[in-house]
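Each in structure tokens, the structures are laid out below.
In the two complexes that follow, chain A is the common piece, with chain B as its partner first and chain C second.
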Partner chain A sequence: MEKVAIVGYNQVKLYSDANYGRYEMIFEAVRGALDNAGLKKKDITTVVSATNDYYDGRTISNSLTVEPGGGYLADESKVEMDGAHAVLYGLMRVLSGNHKLAVVWGGSMASSYPAHTVHLYETDPTWERPITYVSDITSAGFQMRAYMEKYGISAEEIAKTAVKNRKNAVNNPLALAEAQNPNITLKDVLESDIYSDPVTELMVAQPCDGVAALLLAPEKQAKKITDNPVWITGVGLSQETYYLGDRDLSTSKSMELAGKMAFQAAGINDPNTQIDVAELYEAFAHEELIFIESLGIAEKGKGADLNAEIGGDFPVNPSGGALGGNPLCATGLIRIIEAVKQIRGEAKGYQVKNVNKAIASGQIGMCSQNNILYVLEGDN
Partner chain B sequence: MTEEKIVVANKGIIRAEFAFWVGQYMDKFYDALENKKIVGNKCPKCGDVFVPPRKICGKCNETIPLDQNWVDLPDTGILKNYTITYYKINDRASRKVKKPQIIGMVQIDGSSTSIVYRLLNIEPGEVKIGMKVKVNWEEATKGDPSDIKGFSKA
Partner chain C sequence: MGRQVCIASAGFSEHASKRSDVSMPELVSEAIKDCLKNAPSIEINDIDMFVNGNMPAFEGANIPELWMTDWMGARNKPLMRVTTGGTTGGSVAIAGYYSVASGLPGVDTVLAIAFEQQSQGDTATGLASVAYGEISVLNSLGIPYDQLTLLFSAGAAIGVASYQATNYMRKSKTTEEDLARVVVQNRHNAAKTWWAHLKMPNLTIEEVLDTPYISYPLRYGMVCPASDGACAMLFTTEEKAKDMCDIPVYVNGVGSIATETGILGYCGSGSGQLDPSEQLGAQKTSDVAFQQAGISFPRKEIDYAEVYSPFPNQELMWVEKLGLFEENTASEMYETGVTALNGELPINCSGGVNSTNAIGASAMERPAVAALQIMGKASNQVPETVHTSLGHGWGGYINLITMMVMADEPARKFK
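Showing the complex of A and B:
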């Protein structure tokens, strides 16, 4: 199979209420990715974006993002999922043999839409939506409680992940200022307002404003563009059923299957020893633990025992993860960019030592219904 | 720098009224709710019983015929999961409120899946996974999801 590399990237600083127009922010992200790779608009052959009509407050929301997204008189289409899903689409466009440079960008501005209201539009209109008991809020509580009950996990053990990621975010200059807290304690997390018991506000990856972009190129072009290509060596994708009452929320079957698919493609038998760092899209602190267990990095119910600090046994989310800022449609894309930074040694201030293989994930849906996992490798 | 200006605050400029036909299976379910009864249907292959009923068993990729495999179920069940929130979740703006709501996942006895409803007359301190609960019916039913007011201790 043709090899495809990530050859450039850029992410704007995350804000809870950015002093940008929507399209200014997109342009800064996409133009910055081109500058990062030393490329120009004329080099782009295809663009894949990730946006959401409900978040943008307009239908066919990519019709207005043509110029800032680099799609002017170019081939462009949109994935209405996470930016990490748009990367898969961009990867396929390059693998078709028809494209030399794909731009993939994604993002949204939470300051411009009513976050909880738009999530109600995810629910089944013929059954759950009229009574609104299923929502982004209650589903978070169900997922965390299911995990705690199944394995006898305490809220303290889960709060540890929120502390780790919010502390890691301090060293990431692009993280959301509100998420950066060098002095945060377990007590702060546990005693923050209840979001949906047992989930507290500081365990939630706060939706915010942000856009990110990366560039994909086939092997021949990639080697011309950069001395530090990061190869996509595996990708896996799976999804579970929509109804929460059908699912085992204590685990993530879809992440398990996505992991198997990606690891098989990349020749990974033991992720714990073969992967150097993980950047996972945890919409809530407990999801990080559920994911590392579903990926076989920790045993079921033992995720909290893993030392996932930057200098630990298996670093997870050294950038702060989604808890460091959650611009919907960009969050998974940012995880991939952060994994690229780790491989290229460009994660200044939060660099993990000797990284050559990394994994990164994106997700969409309530209780991470749909998960996508990438294996990324450097040349070393 | 000038002050931030919001030109379009989209408050009620567009009001889109959607109308979703619930389908033949949910139609039977809502007719039953109107009569304060719960019905489900059973996958002919794996035997899972669905509440509400479905045309398709997703796991088996099988059609459940409309005229077969209906199961009459009681209005009692087991609490499988719950959450407590101070967000007024049945208000579309999700504002915070003083008194928390307890939302439960309830497996109706004889079914294989859980449904999500409010728990009534149960204090946060006494809610427990595995407890037996029963439907509290609205007095005047309408044949829609609100006919089940919630669940209380059985």
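Showing the complex of A and C:
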């Protein structure tokens, strides 16, 4: 794979109910990314957005965002998945040689739609939706239960991850205020409302309002644009089958395959030692553990034993992860941006020491049916 | 950077207003099977990546390929969903092109799939939200709700199309008879296309003009149907395509230039008055795509074109805006037979969107047919050899365009 760099980024502050409009938010994110790289609107040749017609409550959700997203008279398209998937399309557009600067942005406003209800429209319309038994929340219950039973893991061990991420979010000024809690305890997590047993409220990444954007450029241009390019050296993605009964929910097949594809491209054979930090899109606390096991960073069933704190053996989600705020269609994109910050040494307040290689992931679907993983590297 | 991309095959499901004999996944797999049938050396397992899309509002199913994964054959494979409204099919095809062109490790052969089963839902309801989206803008501009009627007429496609039609007719002196002639040519062509929806081999101009108006100047007989259907295209590298088919079709140029969001002449987030028949995006897109494909004189160099025209006035408009004919001359070309099957520059020999419109799939069916015409495998094959062709798509709030320029020879060189 030829070298493409992330040359600029921006994310708006996450709110559970942002008191300003969608277009202002998109404009702020995209304009901020351009300013971050010292570029102008006229430099954009292609724009890839990530929005969802159901989340935005209208057909052709990208159509009205052409101007604020920088797409006017640019080659424009939309990926209706996570923002991290839109980055893949932006990357492919740059790799093709047709484009020298791609803007990728994604986001939604959960305050304007009932997020978990909307997810019901993603279930099988014939067998599952009418009885609403299977949803993003109940499936997470099945997933966490399957993981606990298979490896004899307690809810406390999983709640530890929620505590870690919510504490990490405190130092991230852009994280969701409701997720930032410096005094959170295991007890708080375990005793919060039950969403779907054994998943409790504080183990859920709360959908919120937010938009993020980043810029991609090929090697030659990237070196001119910035002194701190962050290279995408590997990317992998995979979609597993849908029906929960056909899947082993104690692991993530799609993350395993995504990891294999990305690590192969980036020449990584021992992620635990070669990668310095991970930013993973965990829609629920237990998914972070399942993901690091599926990626081979921890042994199966031993994810909770890994010290994933900022100063730990293998820091995971120093920014607070998706538990620090989950603006659908932007969350995976924000993970990539956070990994870029770590590599560039710009993660003020939650910087991991000596980061040169990082991984970041995005996902969609029940029990993370489709995962995408990036390997990012700095110049050092 | 980049590499040569070829289309090795394309396939369709049968189209009808109600394909109640199949579910949506079955409809999709029909198109995939037809696509792979034309490339017998490979199987579904040989596909490295899937790209797909539809307009999710029409079936009431968000991201439906989540539960359709296995029917597509995409289990444990990379999959990307691209949706852009009316241009969805074209955007999916372009994403298929980029997936191969990027040279991602392990990704050589990509199946692009676009589909719509409109009988599952109500298309007009799905499109109404296009108008609702503007309400917030209206409020911020202080425009009262009593203009909601305007909004609703904008929301449905016919609203904007009739404004386009009257604008275009005023400038080009086109008559209603000219519009009917386009329809007749399309429906005759559809009769010779196995997968098409409205097959009317004996339709006459008088019969079209005898139907009632839906919105002046568009009559019932001129309007596209709402179809159920799917389309699939197989993109791969130059080397692999040579093994898969006799005549690999090189994708030489792609473009999808967006312009400002425009509804009924005022523009909530844009600069002001828009003439919906002007279509700056189409002009810019064709400039980009033709430039990539090394085409300087499209009128002379393009042998075949499939343009996206649910309504006949749009067909006349597009062939001009894409540079295939001089401004205001298109209706004359239809009258003199230039655009007919055996004409100098055949247009929409599949019957076009005017005869078959499974919305999410429509903008992919254009490049798919244009590619099959080069391979010599189209259902209603042009008698003269086709060397270069184009497939075009249109959608959004009249502001999105897709275009793919193809040929039997590569136009660009890669290292």
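The working rule: the second predicted complex is superposed on the first by the 379 of 380 C-alpha atoms of A that agree within 3 Å, B and C clash if a C-alpha of one lies under 4 Å from a C-alpha of the other, contacts with A are read in each partner's own complex, and residues count from 1 in each chain.
What we mean here is this: a residue touches a chain if its C-beta (ideal position, glycine included) is under 8 Å from a C-beta of that chain, and two chains touch if they have at least 3 such contacts.
Note that the coordinates shown come from a computational prediction; the quantities given were computed from them, not determined experimentally.
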First (chain B), second (chain C), both or neither touched by A:S196: first
Which superposed partner A:E122 touches (first chain B, second chain C, both, neither): second
First, second, both or neither for A:G57, with chain B first and chain C second: both
Contacts of A:M255 with chain B and chain C, given as first, second, both or neither: neither
Partner chain(s) touched by A:T241 [first = chain B, second = chain C, both, neither]: both
First, second, both or neither for A:G141, with chain B first and chain C second: first
Touch count on chain A, higher of chain B and chain C: C
Which of chain B and chain C A:A33 touches, first, second, both or neither: neither
Contacts of A:P130 with chain B and chain C, given as first, second, both or neither: first
On chain A, positions contacted by chain B and by chain C: 57, 125-126, 241, 243
Complex interface listing, chain A residues touching chain B: 19, 57, 114, 116-117, 120, 125-128, 130-135, 137-138, 140-142, 145-146, 149, 193-199, 241, 243-246, 249
Parts of chain B lying in touch with chain A, wherever the complex brings them together: 1, 4, 10, 18, 20-23, 26, 52, 58, 80-87, 89-94, 100, 103, 105, 107, 113-118, 124, 129, 144-146
Chain A to chain C touching residues, read off their complex: 1-2, 21, 23, 47, 52-54, 57-60, 62-64, 66-68, 71-81, 85, 88-89, 91-98, 118, 121-126, 218, 235-243, 253-254, 257, 261, 264-265, 364-366, 369-370
Complex contacts: residues of chain C adjacent to chain A: 1-2, 23, 50, 53, 55-57, 59-63, 65-70, 74-86, 91, 94-95, 97-99, 101-106, 126-127, 129-130, 132-134, 136, 254-261, 268-270, 280-281, 284, 288, 292, 395-397, 399-400, 414
